[in-house]
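The same chain A turns up in both complexes below, where it pairs with chain B and then with chain C.
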Partner chain A sequence: MANVRLVGLTKKFDGNTVVDNVDVDIEHGEFIVLVGPSGCGKSTTLRMIAGLEDMTEGKIMISDRTVNLIQPKDRDVAMVFQNYALYPHMNVYKNISISLSMRGVDKTEIDKRVKETAAILGLENLLYRLPKQLSGGQRQRVAMGRAIVRQPAVFLFDEPLSNLDAKLRVQMRTEIKKIHQRVSTTIIYVTHDQTEAMTLADRIVVMNEGKIEQIGAPQDIYDHPKTKFVASFIGSPSMNFVGCEVVKKGHSYFIKLDENVMIPLPKQYHAEKDALLDRDLEFGFRPEHVTEPRSSVDRHKFNVTVDVLEPLGNDTMVYFTLAGRSCCARVSPEYAAEAGRGIELDLDFAKVHLLDGVTNRIVPAYNNA
Partner chain B sequence: MLNIASLKKTKARLALLFVAPTMLGILAFTAGPIAFSFILSLFYWDVLSPMKFAGLSHYNYLLQDDVAVTTLKNTIYFAVMVVILQNIIGFSLAMAVRNVANKYFRYFFRSVFFLPLVMSGATVSVFMAYFFNTDFGIVNYYLELVGIGSVRWLTSTQMVLVTTVLVYAWQHIGITFILFLGGFASIPEEVIVAADIDGLTGWRKIFYIYVPMVSPTIFFSSVIGFIHAVQVFDHPYILTRGGPGDANRTAVMYIYEKAFQDLEFGYGSTLAIILFLIILIATILQFYVQKKWVFYE
Partner chain C sequence: MNRINGNVIASYLYLVFFALIILLPLLWVVSTSLRLPVESYSLPPKWLPTDFMWENYWEVLFSYYYERDGTFVGSQASANVPFPHLMLNSFIVCFFVTIGQVFFCSFAGYAFARLAFPGKTALFWFVMATMMIPLQVTIIPIYVLLSKLGLTDSLTGLILPAIPSAFGTFLMRQYYLRIPSALEEAMIMDGASQWQVFWRVFFPLATPGMVVLAILAFNYHWNEFFRPLILISTDTTFTVPLGIVALRDYKMTGSISVVLAGIVISMIPALIIYLFGQKHLVEGILTGSVKG
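Moving on, here comes the complex of A and B:
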């Protein structure tokens, strides 16, 4: 059972902490995605797991065995790199088989495994070509083949799709998911692309400035982000944030965005409503939760002036200014007005968030629909 | 209306104008002397008397001239040994310096290994002659200290060419060292890392990864090194004046002796033409063989 445990994993470069006390438990067969912006420490974490980078503090366990002092080749991990890292002077067959040759595997067994792997990845007709004779997608498949053929305990993917064009990236994403379903090996996958993270992961680890911001299932992270960073990093376009305060008028509570815009406090915040008074808060909502008017309870209608329109075909993004902040809404193409014109939008109350302006953490909601 | 034909003509004239200085240079300093040497090789000429047509008699004589054959053999042996030694040592030193963690030490070693190259061959040969002196040389002093005993580096016919190879290679190691440093720097870091994970370590990593990936550097340094080494003159001349016997005599030294000491310019030119053909054939051969072992990405 290839589970992976990272305990207090820390890496410092010249006194700068680039990975800060990271703790993650990864189950056997799980597909974990480390996601975050450039420089957040996700690749360094992966390299430490592979044994390519020394850790400053902490412990890495693979299959319940501490591997801190074990050489990369003996950790039973296989790695796929962003720029493929194929051996350019070896043909596809040799690239895939070299790790087995180095481990003294029998030639017949090597041939069998290489051909099986090639069949999984659709490389049968390319086995005797050099990497330079392959397209980007084919090269990436060879890189995956090199990893798969070893049947390692853990696959490590370091931004493997970043060098591919948008269309190929989507195709390869599906391929990777299929491969995982087929081989059921633990995968730790690093990317800065939140779409990749959302589509591939069983669980996502969101990292920022060397620290883990949140770990959870993709949908859970999307619906219930814990920090402003996670809320804005996951989702595209990212969540809108507008400064606000919670005010009480009579027996009712409102979120006051500015003098002209006040919306009733959503019911998921009613349990702690008094605690929200007089706090530095921000009001967050995702673009898809602001739409053309729909007939439903728990929605709030408001009028805005369209700044910019971005037609996407299936939807149109409407950019508008709310309480001095640029915001975005996702409406149906038929509803989209022209730039400069007034438009009525409809906000789904159940999906809005309040953010503590001091801690930058999302205020926990209750009875969340 | 724009006339395409005349525009092309003007462009061609302009292009010719730009390449003209280089073409003139090549004609005056490369092709011209080669052609003149070839013509000269067909004549008897001692500068003082008028030139006299000799036909191919110089070429016939060369085949019977034991000294010429020996010098050509010495030269080829010298060049091959130098190329092998420079590639092995240059590769090893670059590999070692590449792995030095401290960047200031890396800078230091880069300078140190390159330093002999900026000295003249004559200077190097003079002090190396002292180093390798049989009776009071520092090399023999240490060999005796460790119990190996004295070696006749410059006075033995078996050892003298080897000594010259060592002196020459020592002086020129800087260039191959720098070439290999550049070659290693061009290997993507991920490929090295992938090799670590794939279990390619130690010698396997060197032979399966580093050597094939710097094969263009090995090829380049071999071609340039061979062409350069075949023309060696100052090192064997200053170390032993070609002796003992003809053991340390090289082709260029013999050309010099024949042309400028014996005033046999025709025969000297014949030797020069043969040396030129040897270099040409060796270079063509290297280019032909490289298709089988040099890898270009």
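Moving on, here comes the complex of A and C:
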């Protein structure tokens, strides 16, 4: 087990900064997921940790040892590649054992460790097959076996499930989580799939354009995103945003979406309510927080016309237009709704967000409990 | 359905037409090699021989050593051509050139495909540019060099200059380029040195490329005429193509049938190698042309 520290990690390609001053502290045994859209710098960050990519500036520490100038093989890290990178001319046994044989490990010890690893991954019966004779999931397991057998201080996973079909992806996700629970090694995992990030991570690092947008526990990031990017990237379907302003009428404060839609300012924003007046704001809410009418104090009912319905079985997604912006609500499948008809929806006040339209940062909420 | 059948028939007619263009001369060669020389020029031409003159093949293969009655004469009959010996010469040249090209081009191709070193691109294009220079331009300097080394009129003199191959280097480089770089990175992460990356992964994975190179190199040098013509002067050091020319003067008769029998015999090794490696050859050429 090892801790990993990234200090001011920066990578420039031909003057373009692809990783910009990244600072992350990763604890012993932690499962960290770097998530973000394509080109956000997450894979480059991982490759710099592996030593496959030189850094332009900054420092990488593994187990309190600076590894900037240390060769990949001496960093005590193992990597699982997106395309498996299995050696096609070697059978599963050789694929798993090659790292040990190149390090001069005794043959008896190699055999013992390969068989232990195969048992963890359920590969015992496949040890003498070639990669081309394996299914996608089995190949992925061999790729993981190659990493596990080395018993490294840190595992690096570079989008390991993106080549698998949806069903297998879910299955392998569980396998990876089980393996982490079993070996308790520090894992740094890169994905563009926010569901994978949410389900696997102890902490998520959300990256965008080479920078870290937010670091936190999955639920914390989901409930309290700090920027518009995080709010819209985490969660599926993503958070709805509608332009708004905060207005004062008498002693009451309202969020005004347009001339017809005014919502009372939620409690969590009352502490800063005067500071919200006359600001360029956006009103954000997740689809699951707009539902069929339910009885609760902290809710606001409003009427919309349904544009499109998407029945998912367990829920129905209702698309409607609010203040000129297309929005989405998640309602019970029993709730009678029909495209083109009016419908009453119910917004959970406690879960809404206000976003500063200039900085694109979420306005901090107080007494949010 | 009729339209599809029409297309298929048209395709077959097209293929058969071109196959005939290629195969008919070969058929003529085989057919004439089995005729009496006098029949070779008869009009109208006959596609099949009337008498199968296997003696023509006997003349090519054994007349240097034996009289027709079976008496061994060794190399006494100086007007004859020691064809089996020339085939052995050709085989020795092709074998060593092929091994040498595959060995060195594997290394050079890997260096150009995978290693980073100063001046790599310039050096690569310099090597490629050597393919543009005709052999006729370089043959005199090569002759002078070999002469100073005392290697003219020897098989070594034919083998050594043929081992460095720009084409082979290019072919192997293209082959290495299509091997995913993730394999190299995986090996590096697994603790491999650069040599181990090459020897344990890239070299074995490039085997089909090497087979292609070996087939092409063997066939090219088996049929090579110009260099042996300039570099070799003794008839016992001749290679097969020079021997075929020499057959024209066989016992001063200039029998076309004997010459063509020699050609048929000379085609056999190349044909065997092609048949064994055909799958790799076609696959390999496509591989080199499009970066996968």
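Criterion: the second predicted complex is superposed on the first by the 367 of 369 C-alpha atoms of A that agree within 3 Å, B and C clash if a C-alpha of one lies under 4 Å from a C-alpha of the other, contacts with A are read in each partner's own complex, and residues count from 1 in each chain.
In this section, contacts are C-beta pairs under 8 Å (C-beta built on N, C-alpha and C of every residue); 3 or more make two chains touch, one makes a residue touch a chain.
Quantities reported herein were computed from a predicted structural model and do not represent experimental measurements.
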Superposed partners chain B and chain C on chain A - clash or fit: clash
Touched partner set for A:77, first chain B, second chain C, both or neither: both
Touched partner set for A:203, first chain B, second chain C, both or neither: neither
A:132 touches, of chain B and chain C: first, second, both or neither? first
First, second, both or neither for A:85, with chain B first and chain C second: both
Chain B versus chain C as contact partner of A:141, first or second or both or neither: neither
Intersection of the chain A residues that touch chain B with those that touch chain C: 50, 52, 72-73, 77-79, 81-83, 85, 87-89, 98-99, 102-103, 146
Residues of chain B defined as touching chain A within the complex: 188, 190-191, 193-201, 204, 208-209, 212-213, 215, 295, 297
Of chain C, residues touching chain A in the complex: 180, 182-183, 185-192, 196, 200-201, 204-205
Residues of chain A touching chain C in the complex: 50, 52, 72-73, 77-79, 81-83, 85, 87-89, 98-99, 102-103, 146, 150
For the chain A and chain B complex, residues of the former touching the latter: 50-52, 71-73, 77-79, 81-89, 98-99, 102-103, 132, 146
